[in-house]
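Each in structure tokens, the structures are laid out below.
Note that chain A is present in both complexes that follow, paired respectively with chain B and with chain C.
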Partner chain A sequence: MAEVEETLKRIQSHKGVVGTMVVNAEGIPIRTTLDNSTTVQYSGLLHQLTMKAKSTVRDIDPQNDLTFLRIRSKKHEIMVAPDKEYLLIVIQNPCE
Partner chain B sequence: MFPASKMPNKQPPRKQSINIGRGARKRDEDSGTEVGEGADEWAQSKATVRPPDQLELTDAELKEEFTRILTANNPHAPQNIVRYSFKEGTYKFIGIVNQMAVHFSHVGNLIPRDSDEGRRQHYRDKLAAVSYQGSQESTKVAISETEILEEEEPKEAETEAGSQTDMPAAEAAEKVTEEELMTPKQPKEQKLTNQFNFSERASQTINNPLRDRECQMEPPPRTNFSATANQWEIYDAYVEELEKQEKTKEKEKAKTPVAKKVGKIAMRKMASIESQSDDITKVTQAAKIMERMVNQNTFDDIAQDFKYYEDAADEYRDQEGTLLPLWKFQNDKAKHLAVTALCWNPKYKDLFAVGHGSYDFMKQSRGMLLFYSMKNPSFPEYSFSSESGIMCLDIHVDHPYLVVVGHYDGNVAIYNLKKPHSQPSFRSSAKSGKHTDPVWQVRWQKDDMDNNLNFFSVSSDGRIVSWTLLKSELVHTDVIKLKVEGSTTDGLNGLQLHTVGCGTAFDFHKEIDYMFLVGTEEGKIYKCSKSYSSKFLDTYDAHNMAVDAVSWNPYHSKVFMSCSSDWTVKIWDHTIKTPMFIYDLNSAVGDVAWAPYSSTVFAAVTTNGKAHVFDLSINKYEAICNQPVVAKKKNKITHVQFNPVYPIIIVGDDRGHVTCLKLSPNLRKMPKEKKGQEVQKGPAVEIAKLDKLLNLVREVKTKT
Partner chain C sequence: MAPKAQKQKSSDGNKKTKQRKTKQTLPDREETEPANMENIGHPEIYPLVLTTQTQEIFNCRIDEDVTDGKPYKLIKKEDILADFKNRAAVSDFYPVKKVIQEYPGDELLVVYDKDFRYGLNFYLIGTEEGKENYLNYPEVPEEHEEYKEYIPEDLYIYRPPISKPWVSLGSEKEIDEESVKESAKQITYMISRKRREFGTPIKFRDQNASSVKDAYIECTAYSDKNFIIKQLEKDVGMQVVPNVKDTSTQTKWTYPQNVAIQYYPREFSEEEKEIFGQSKPLINFLNNASISVEIALQQNEIMNTFIDDWKNLAEEEGTFEDKTDTHLKEYQSFTDLHNLAETMVTSVSWHPTIYGLIAVSVAVRLSFEDRVHFSGKLLLQPSLILFWSFSDPIHPQLMLESPDDIFCFKFCPSDPNIIAGGCINGQIVLWDITAHADRIENIKTGGSSSKKVTLKPMFLLEPDSNKEVMYIRHCAVSSIENGHKKVITDIHWLSDTFEINRMGSVFENRNGICCQLVTCSADCTICFWDIRPQKALTPQPVEKKKEESIEIPYDVPSTFLHLDLSWKPFTKIKLSKGETSLDHCPTRVSLSEDNFLYKTQDKVSAQSKAVKTGEIHPYQSLEGGFGNNLKPIEDFCTKFFVGTEEGEVIYTDWKMERDPDTGRMMAKKPVNLYTVHDGAVHTVQRSPFYKDIILTIGGWNLAIWKEGVTTGPLLQSCCAPKRYTAGHWSLTRPGVFYIGREDGYIDIWDLLEKTHEPSQSQNICITMITCIKPWTFSAKQQFIAIADYYGTLHILEIPWTLSHPSANEVSGTSHYFEREVKYLEYVEQRKKIREQEKKEMDLELEKKKSKIGHCLFFCTLTNAD
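Then we have the complex of A and B:
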């Protein structure tokens, strides 16, 4: 258990990381380092998007599955790592 | 209707005559009252008249009573009418039959006054009356009436042909009456033309008051359920089913009650742990991937360089190459510990192991074993710490999760990466034959005949020990005791004392399994065999100082290389006692390594922080790359290793940092293909290449 906590801490303290959040299967945020309204917004929208992406991948080949989703925008990069029951979302400013 | 009872015919004649008389009287009464007074006269004359054909009956017969029952049934009505019932598909008796018998029917000619017909007649009478007043009117009326008549005549004709109703008779009568009426009668009062003055009668019954009766239950609990049915969801369901089936099969196979119990208990524990544990542990996998991605983002340019960058300047540099620094691996915990060992994982090409310890005799502290992945340069994948500094390590080729380490205090230990412990799985101890001096090198060997894991270790105490992992213990066997030749002295009582040599490095031959080389502190290299424990196969006077590393060429079976703190790197043919090539690097050489992709390329690192890469096929006398690799001065590089797959090397220094460098194209030159010839690849080519070089050298040597 401590290992996961440490890993999340390291991710949060990594260069350029703006925020981290853990969202459960229903789209409800469990852990977050951002403020409430932002968290709720991110979690709701990204949850839907991840479900859609996952559905897409699996529809094409049911034996396949989504492992990672990256959205790069002008300002930063949103990374989503889906798990069986949870969703880990990290927002990072790639340093350039 | 028949009379209630019939008088039997067999009454005595006398009575009969009376009856007859009475019957005659009755008849007379019926027809009229004329004969009433003459009844007495008739009664007096009792003439019994018997018809000639009257039935002769006996008294008994006469007295016999016949019962007649009066019913309302019509005896002429059919009793056996059947109708076809479509419901049952059979003929069925009709229960109720019409019992009415019509004796006489006569069509009457009376019409009620209020009926339509009656009113019409009335109206005609009036008209007829009106016609009397004026001739024109009468003619008109006559005309209209004749018209009406005409109309009626065809009607009459039609209806007469039809059913027996009052209508034709009535109309016929009407016609007659009209003709009569037309002339004599006076006009009656003119009734209103609206013939629909009708009166309506209605009545209303008392309405029952309505009452509402309701009953309401508690609504059943409801939940919303929604799901999607996709191809992959169906696939998932099938896979789950399959797994369940397989599990049940396994359970059936493993049928021991004890095992079952243990299994159950374990299952229960597992279940309880799962429910109690925090939800966050399930994010482990995702967190790991995320960390790597975050790192990739941060070190994006490095990752790109690693994968794609080829130094274009190499074309202009003639034969020299460069080393491009990529990632730098360091850990806070290993900050003051030197890198004492490096090893790439044979299975996962991005994973390597770093052993930390200290070379300083005076400053001995703890040790660390870290595993880094190139995918995550900021944090090690695995980390183990130990009390004594780690001096060497090796990863098993077939079981890439088993790592053997040698410690400064002489112990050896085996770590199993699959198990989550931070402690070694197996450890030697003073009882089990640990070395008395630091272990400088360990190497896994092939599994022995009983499929037990075994490895060799060499140490400064002069022993080369073979360790075998029997079930759960480390068992050691002394293979060789290194003796310094020519140093046997006669001690007291005729004992021969040998001075023990100190082994500092060894390497096993790639093909000839039993042959291996040992380098010593005295600068000698011994060629030994596993089977001979006291004698060496050969001895080479290699260096003036301790031999730091020996290494067989990965392609050529005869060539090996050695380096030493006496600033030199020497390349040997094991059949010849003198080295083929000697290189002086101006600083103590910490480590040498052959490149896995070419038989003529090798790298050497020195304590002045430089890395040297040689390619014998290009330049026999000088390094083609000579580059300072570590940042600060006074930072000694201790080890170097080539990655078996990628064109990178890792370099460890004595500050605990590991730097990853990419070899530029010039350093990786493959033999050029001659035009028209196929490109030959493979070990044979490499061997041939080296052979050619060696032959040149040998020729030179024989000449000199």
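Then we have the complex of A and C:
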């Protein structure tokens, strides 16, 4: 328990990080640092996108698998680390 | 037979003419004409009955004279004629008398008709031709005539037709029968009309045929039974077939579909989240995932890989004017033509909210001695602050009256209708123009009527009837005894975020409005004033107050009534020079929170703050008293810069401290003192972009300071050819500032371009520039107000190049300042190093001196520069 919190806190303390959340395989948030509505929105959308990205990578090469997904937008960068059962989503503001 | 026909015709013609006459003449014809064998085709044969007596006369007795071998007898015509004479009608030839008479020949042929072929026993041939024919062809029977006809065909001898008289053969009967004769007499109708109706237009009208009797006759059809045939039998063929029809339709197949709608997101409850927190897989996952995540995060922190360097290289686009134009353009200028005295402009201030409104304080252009000399005259003339508007260059919109010449004034940042000014006699004057606020706000509508800018001579100049220039009396002045003794050189409103008490400690300002002022004057003091009514610290006798109450004119608002003539500063700081009796004479003050005047976009928040207390004007209901319950603000920098008349820049503190000797409150000693300028410092100003960069201008040079850097100014310019008399930072470009000279020129300095001299110089007027104030109205419009010694206010427009910073100007300027700071540090260090070196050198010299003689020649001074 403490480990989980500690890891999340460490990630959150990086420069420019807006929010961190852990989502399960179905897209239901487990841990989050943002408010509920934003979390739900991010988790639902990114979960679908990660599934799509994963299937895309797999379709091209069945031996391949998705390891990391980074989406850079004008304002933020969203980083998704997928796993079999969980999803770690971090939102960072990279511009200084 | 043609001749016979001819003859026939002629006789026929006779007959016909006879016929035309009457029908009744028919029987006559038969009487006169002998009957002939016309009807059997032999019109020349006339049957006769010859009696025996006749036979004897003419010698044509049967079987004696006329035999079968010779059935004919030629009788002479004369004998017949004699016979006629003898026996007249008894003669047998009487019926053919006419024929005989007309007979051309002499002898007539009489033929015995034994067989009675022609009805009688004898017949007469009435024509010569017939006679001839008979004679030539004695076989007379008609059957033989046919043979006779054959024979002549072998040798046809053409005989030209001999016209004979027409012999009627009965054809006229046929013609009569066939010809059309009118059975009835033709009826003639004569229809006449009146003459005047000739040619008139004809009018036709319709008439129903059935309405008029006998208008029409119809043959109605009727089924005549005689002609009806009933069909009793009919032949019909039939085929029996089954009736089959082919149709088709398409129906929609509705099939059930599973649809699920989620109307709230699925979430885990707290317990479930707890369980998750404990689970091992999650921990492992996080440990693995966080590694890559942290790498990614750090990548972003290190460098922004997505920077478009090309784009960043480019300067800002979208200029509306020629980029090469760098001159200030004259826009407008204002001069007070009413005032007869020669005035100069002492201070200029733009109205913080209203566009195009600028306030100018004017003072009489006299030296101190002259003032004393003309003091009586001066009292009569009002000293004014004029409000000019762009729309009307001749008439000022408002004129604020003051007891004496104003040398500095400021609009209150929280409420632009409150103006505080410092007088030449040491008084602070307060105006409240709330009542006239709508007048100056709607200047455009009023000014349009007086668009004519024709300069009339002064005695003709009269204010328009609809636009009276308003003289507005001040509503409060400070106490003469307790305030400043000499001219107030600078006045500032303290920021509305803090307030100061008597000790100089800083507290939070709950009012949200500016309520404190700071002034500095030539009597070497800096005073802090509070505009709120003070609690009576010393009880004053009530009667005295009543006596002192002066009648206030009705048009003066009573906002600051409590302050009038009794206003005292709550703190006084004396700038003493320590042991000497001479004190510093401050000319300008710059506090740390002083740059709210430049923030034009904050006017909304300022207004909203002012209206916070509902409809009530906040300045009307100022509550007095000092911070009993106010929270002190910690970490507040109470130090500020002061520029003096001697050209020094002092960095001092306003917090009072207890003097250990006397126990009184005393101002702290100045932290730093720099003697930089050659003349009185007239500008001490913080940069609008950097809170700790201060520009000081005085005498013939300028200096830029950084708060906290105590070694000296960051930049100190060399002596200029002309004295600097006014200066101001640019509001939009961090490295640009404007300096006015005493010959009417403006020097525009650009720190990123040149630091040793101004980048531009432009002539504005002929006399000394007394005040410079730039102002930004919009991104495209920036004006600079320049006031000169002769009382004229020039408004110029700042071109694009001077008003718009380049892309990296802010960072460039800050880098410049940092570089300067570093340079100062380096200089300090170098000083130390140099000292060290000097010491070493001295030591060496000493050493060398101790040596004898020639060693001196071989000493080389190492110059380690």
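A few comments on the model shown:
Quick note on the criterion: the second predicted complex is superposed on the first by the 90 of 96 C-alpha atoms of A that agree within 3 Å, B and C clash if a C-alpha of one lies under 4 Å from a C-alpha of the other, contacts with A are read in each partner's own complex, and residues count from 1 in each chain.
As a convention for this text, a contact is a pair of C-beta atoms (placed from the backbone, for glycine too) under 8 Å apart; a residue touches a chain by one contact, two chains touch by 3 or more.
This structure is a prediction, so every number in the text was calculated from the model and none was measured.
Of the two partner chains placed by superposition, only chain C is touched by A:Gly44; chain B is not. Using the contact criterion defined above for the overlaid structures, shared-chain residue A:Thr67 touches chain B and also reaches chain C. In the superposition on chain A, A:Glu26 makes contact with chain C only, while chain B stays out of contact range. Residue contacts after overlaying the shared chain place A:Tyr86 against chain B and chain C alike. By the touch criterion defined above, A:Glu77 lies against chain B and chain C together after alignment on the C-alpha atoms of chain A. In the superposition on chain A, A:Lys52 makes contact with neither chain B nor chain C. By the document's definition of touching, both partners, chain B and chain C, reach A:Val4. By the touch criterion defined above, A:Gly16 lies against chain B and chain C together after alignment on the C-alpha atoms of chain A. The residues of chain A shared by its contacts with chain B and with chain C are 1, 3-5, 7-8, 10-11, 14-17, 22, 24, 30-31, 67-68, 70, 77, 79, 81, 83, 85-86, 88, 90, 92, 94-95.
Interface of chain B with chain A (complex): residues 228, 230-232, 234-236, 277-291, 293-295, 297-298, 300, 378-379. Chain C contributes residues 265-268, 273-274, 276-278, 281-283, 285-290, 292-294, 296-298, 300-301, 304, 306 to its touches with chain A in the complex. Residues 1, 3-5, 7-8, 10-11, 14-17, 22, 24, 26-31, 36, 40, 44, 67-68, 70, 72, 77, 79, 81, 83, 85-86, 88, 90, 92, 94-96 of chain A are the ones touching chain C in the complex. Within the complex, the chain A residues that touch chain B are 1, 3-5, 7-8, 10-11, 14-17, 22, 24, 30-31, 55, 58-59, 62-63, 67-68, 70, 77, 79, 81-88, 90, 92, 94-95.
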